[in-house]
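Structures for review follow.
Next come two complexes, and both contain chain A; in the first it sits with chain B, in the second with chain C.
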Partner chain A sequence: MAGSESRKPFSLGRMWSYAALLSATAIIAFPIYWMIITSLKTSRDIYRTPALWPSRITFDNYIKLFTEKHFLEPVLNSLLVATTVTVISVIISSFAAYSMIRFRYRFRGLFGKLILFAYLTPTSLLFIPISILMARLGLGNSLQGLILVYLSFSLPLSTWLLQGYFRSVPRELEEQGMIDGHSRLGALVRIVLPLSAPGIAAISIFTFTGAWNELLLALVLVTSESSRTAPLALNYLITSDVLPWGPLMAGAVISSVPLMILFFVAQRFMVQGMTAGSVKG
Partner chain B sequence: MEISAAPSGTARSRTRRWMTGARRTQLFAYALVLPVVALIIGLVAYPFFFALWVAFTDRVVGGGGNWIGLDNFRYLAKTAIFTAAIRNTIIIVLATDILKFAIGLSLALLVTQRIPARGFFRSFLMLPWAMPAFVAFLTWRVLYQPIGGGLNLILTETGLYPHVIDWLGQRSTAMPSVIAASVWRGFPFWFISILAALQSIPKDLYEAARVDGANAWERFKMVTFPGIRHVVLITTLLSSIWTANAFEHVWLLTQGGPSDATMVFPVLAYFGMQTQRIGEAAAVSVAMLPIMAILVIIVTSAMQRDDD
Partner chain C sequence: MDRKNTSPASLGRISRRGLLSSAAASGALIAGGGLLTRAGAQDFSGSKLTYWGGLIFADAANQLLVDTITAWGAANGVETEVVMINQNETVQKVSAAVEAGTMPDALDVGLDLLLLMSKQGVFVTLDDLYEKVGAAQGGWYEAVALATDTTSIAGGRTGLPFGVSGNLLLRRTDLLEEAGLVAPPETWDELVEQAALVTKSPVSGLGLALSNVGDGNVQCSIMQSFGGRIADDAGKKVTIKSEETRAYLAWLKDAWDKGVFPPGNATWDGAGDNQAYLSGQAAFIANTGSVGIAAQKDDPELFEVTGFSSLPAGPIGTISPITPQTRAIPATSGNQAAAMALLEFLSQPEFLSQYYSLAIYGPVLNDQKAFPAFDGSDAIHSGLLDLVENGTAPGWPDVFNTAFADAYSNFIVPKMAQRVVIDGWDAERAMNEAQEQAQAIYDKY
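Let's look at the complex of A and B:
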């Protein structure tokens, strides 16, 4: 199939292909366009005279979002939570993945199954008991509690993916490193991890975005305004009586555009990691 | 505890020589894996069984809870909103799976052709997946608005449909709207998975089929489909599990409404928790477990087969 049309540059089949791809592109682009354009519209252009193009570009919504809606604190909270989760997750999941592929011990198979089941256990089943558990531990309504919970969600996938990457590092390289005077841990840090850099990049991005995007647990665990994360702050914007579409879309742009840029830069790693481990959508 | 642990793949004679260090090596191996295993047991496995137990009690917030057997489930089965949640969850999962598969496969086939700018299309078609789910559904919420929503504007300005539709506000359009937004956000996962599978099919197979006189459909049936079957199976299972347990799409678009037209399990469980009746709320999410368990067992064996 592939390439069968390549000798006929103006074939009918190819025109259809282009038409289909262009309409798919338009359907993907329009909501993104609408998000950005709504964030730059005046209230008047949003509610009174709606149009596909704004009459005037304004940054009022962004200003309002940060002054009236105090969006800076949630963004900083989200950054703090997502960064902490990513750093801890990368470290301890690479330890676990290394242990599970390099050593043979009892329960190793069981741990492997446990990790896979944890990956597939849905949040919707866990959020009620987790909220009780966190309250009992005194970690309810705190960023530390959120960090702990997000860690437990990201570790299964990270460990699972890293095992695949570590397996492809030749044992000989590692043994050579140990002969050269590295300890086993030194060999892991100096030899195995650098050779698995694409994997580390992939799981870092997945973990960061996973923690950045999470809403349900934040909704259940966090009650005070000062501990809100970005998704939570935006969620509370729509549950209020008046729906401030302008500031809401400004918040949506701020929460998503950095991630979409990151995606374009790191696309290769992410696709590789995603198809290897089938990442939670 | 087993003492003869040694680095895997080491010959037996060397194991003997390393015997003295074996115990230390084993402790080291356990120490490395411990943080992950402890966190998973504490925050996934334990809550999992706790949820199972709570679902069979009359626990409320702040209370202990007594074992009441199947009473929560009996009560739920009689409520209209619970049956609506079952029906809606099944509808959403089936409809989105079918649409994401059809769209993901068609687009993947289109970009495997040798056409200009296919690199651009490949990256661009993945964009919705890079967008956080909560952002995607908030944006669709705005798009669906009767006043100031982009969708109605397109329809009225192009003259396709002259009247303004309250997409999320009426029973007949709420569910299709939720499904459309979910498909928009979720199809790239299928697209990427199927694309990767297509690219791993050896080109000579197509040549051979062509030499044998197979037409396009026969080539698809005999070469393409067998090549992507396994990936499609895993993608379908994973996507079904995630969609059935997704919260954001319904929560941010409709909160289950109008009345119960788009109510699904996770949102109902969340509302249940808001009413403080923890036992009942847990029963809502546990009710899904038998179906989930079957899906999880199939996908686990499929993924572990991949892994080995």
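Let's look at the complex of A and C:
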């Protein structure tokens, strides 16, 4: 019985389990802890006394980041880009995945494979062709261009993942909805999408995280200071062979906060979504 | 030549004072409206100009460049956009921009990229401007003139030099004086001896990189100062395998066996030696001056006990290559006349005198020696002046051609050093491998 299980005395086996879990947690959490305390140290402390606790806590790195480096603007740019890419990606990939699962048309299988193929192409091979394309479209050095490029990477993955989730929704439920008066679109929006909510949450997180963290394409495509995203602005803190660890770690902390909140809020969906996709895909 | 930091340099301080001085300098230039428009006899009003500046460690110098170009644009009716590009990413940015046809009207560019791109016809020639600027300011330093001459590959000079960087030897005078050592080491052997005397946990005496990064290529200069060469005088046949290289490897192995190198120096990244010095774990490093500036700002106590001197000499003398920085105009620029006028303006002593006082560059023109930045009160700038006056041209005594640059960027010499000290190979075997690898590179060209 579950109740009697939970009232079992503290056995050696359980102690080992806790010890292992604590060790794993410490290993995972330590880099985050180190990032936070480094952001609160003076530069001299960082180099000369790399202790587990700052000898003097300072917020100078954060102040410098926001006053001298104007880090708020890149963070807002990143929020704009990542949110837009996520919303558009979810909408378009939902339609694309639904079409591939429910409709029969020529070359459907080929399209499915091509989508995956596009996703698997390494970004480093594509950055020059993409920069040429963006320049010809007049979208170079703009957030709109960056959004378009990120969509070209996020859409294939989102579509491919959503196909798995949509397959798990019984066709009969949609048919029942249509008998009750829903259109095809209504059935998708009111029946299929709500039932695929964990999957949609999972791809939203993947897409948002990918767009939030991306550096290489932003580095090549964005030039103006006013259009820089957070990873790019952090990269621009390194201007020489002496690394400004304090401001860098402060920027890393700030950049991590939206992702931490997102994962904290949506982790339940994430696990459900990943499991559903992997088993039923 | 030894220089101690007895006078705190204001140069390159990323502080309120630095920024204020940058603003004041820009203000002075703006106030001197005649100066701003002097270079622009032509009328560029209504045109647009984009400039990519290279970000350097000194924020105040970056700001001064931006403010000055903006002020020049305002005075000449040119709409300017100044974008500061991280120099670590210039290659990716420029490569993509060349392909996409989105190059700026003018940009700061390092020597390697200048040579590579000039060969591909990316830049316009600037011979007239080069001559004019040189004639007005006492002529170019010979090493700078030789190093930046792209005539053989581009039909003319494509880069207008504006600064020189290179390695200085930084040393912990407090530790060394405790050991009774006052003068900087004159030779590589002396350096190892001094390093051994101050090596005591957690300090390792000799913070030189042996890894596959730019800093690791200091090993190439050391090998050359022992008489070793990458290739012959024609720049064709690889000559790494020699008695001189063997002597260099013997010196290295001896130093390694004495335990003077910090742990992990064979796998350091580009910041490894600097971090070792700033964390107090190395008594000597070779650095461009950025570590000095960082210490001056964040760890004045360390700066106070840091001495700067030239790189030591080997049996055939000192090999201390200079790295010139240049400005160039892409052939795709739609506003080349304005770009040319801007480059001339940025070469005026009124601007450069202020710029040098904030940046970590040595002079390129003889008259610039008289700038306050090089009056001897600042150890780092004095070192940079010494470097440009006594340093060697890039690659010298080897021929600095494309094959040399390729072998250099493939870290042939640091890899050979690793074979000896990490893998335990004997010098013969390590030289054979390096010879073979380098010849394969040279055969491509």
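Convention: the second predicted complex is superposed on the first by the 228 of 281 C-alpha atoms of A that agree within 3 Å, B and C clash if a C-alpha of one lies under 4 Å from a C-alpha of the other, contacts with A are read in each partner's own complex, and residues count from 1 in each chain.
The rule we apply is simple: contacts are C-beta pairs under 8 Å (C-beta built on N, C-alpha and C of every residue); 3 or more make two chains touch, one makes a residue touch a chain.
Since the structure is predicted, the reported quantities are computational estimates derived from the model, not experimental observations.
Judged by the touch definition given at the top, the superposed model places A:S224 against chain C, while chain B stays out of reach. Contacts of A:R171 after superposition on the shared chain: chain B is touched, whereas chain C is not.
Judged by the touch definition given at the top, the superposed model places A:L12 against neither chain B nor chain C.
Using the contact criterion defined above for the overlaid structures, shared-chain residue A:I179 touches neither chain B nor chain C, since it reaches no partner.
Within the superposed three-chain model, A:A24 lies in touch with chain B and out of touch with chain C [touch as defined at top].
Judged by the touch definition given at the top, the superposed model places A:G140 against chain C, while chain B stays out of reach. In the overlay built on the shared chain, the residue A:Y47 is in contact with chain B and with chain C.
In the superposed pair of complexes, A:S131 makes contact with chain B and with chain C alike.
More residues of chain A lie in touch with B than with the remaining chain of the pair chain B and chain C.
Of the two partner chains placed by superposition, chain B and chain C are both touched by A:I238.
For the contact definition in use here, the residues of chain A common to its chain B contact set and its chain C contact set are 47, 50, 127-128, 131-132, 216, 219-220, 235, 238.
Contact residues on chain A toward chain C in their complex (touch as defined above): 42-44, 47-48, 50, 68, 127-128, 131-132, 134-136, 140-141, 216, 219-221, 223-225, 235-236, 238-243.
By the touch rule above, chain C contacts chain A in their complex via residues 52, 55-57, 59, 62, 81, 83-89, 92-93, 95-97, 99-102, 215, 270-271, 274-275, 278-280, 287-288, 290-291, 293-294, 297-299, 302. Interface residues of chain A facing chain B in the complex, by the touch rule stated above, are 1-6, 14, 17-18, 20-21, 24-25, 27-32, 34-35, 38, 46-47, 50-52, 92-93, 95-96, 98-106, 111, 113-118, 120-133, 148-149, 151-152, 155-156, 159, 163-164, 171, 184, 209, 212-213, 215-216, 219-220, 231, 234-235, 238, 245, 248-249, 252, 255-256, 259-260, 262-264, 267, 271, 274-275, 278-281.
Only residues 1-2, 5-9, 25-26, 28-30, 32-33, 35-37, 39-48, 50-51, 54, 103, 106-107, 109-115, 121, 123-136, 138-143, 145, 147-150, 153-154, 157, 184-186, 189, 192-193, 196, 203, 206, 216, 219-220, 224, 234-235, 238-239, 241-242, 244-248, 251-252, 265-266, 269-270, 273, 278, 281-282, 285-286, 288-289, 292, 296, 299-300, 303-304, 307 of chain B touch chain A when the two sit together in their complex.
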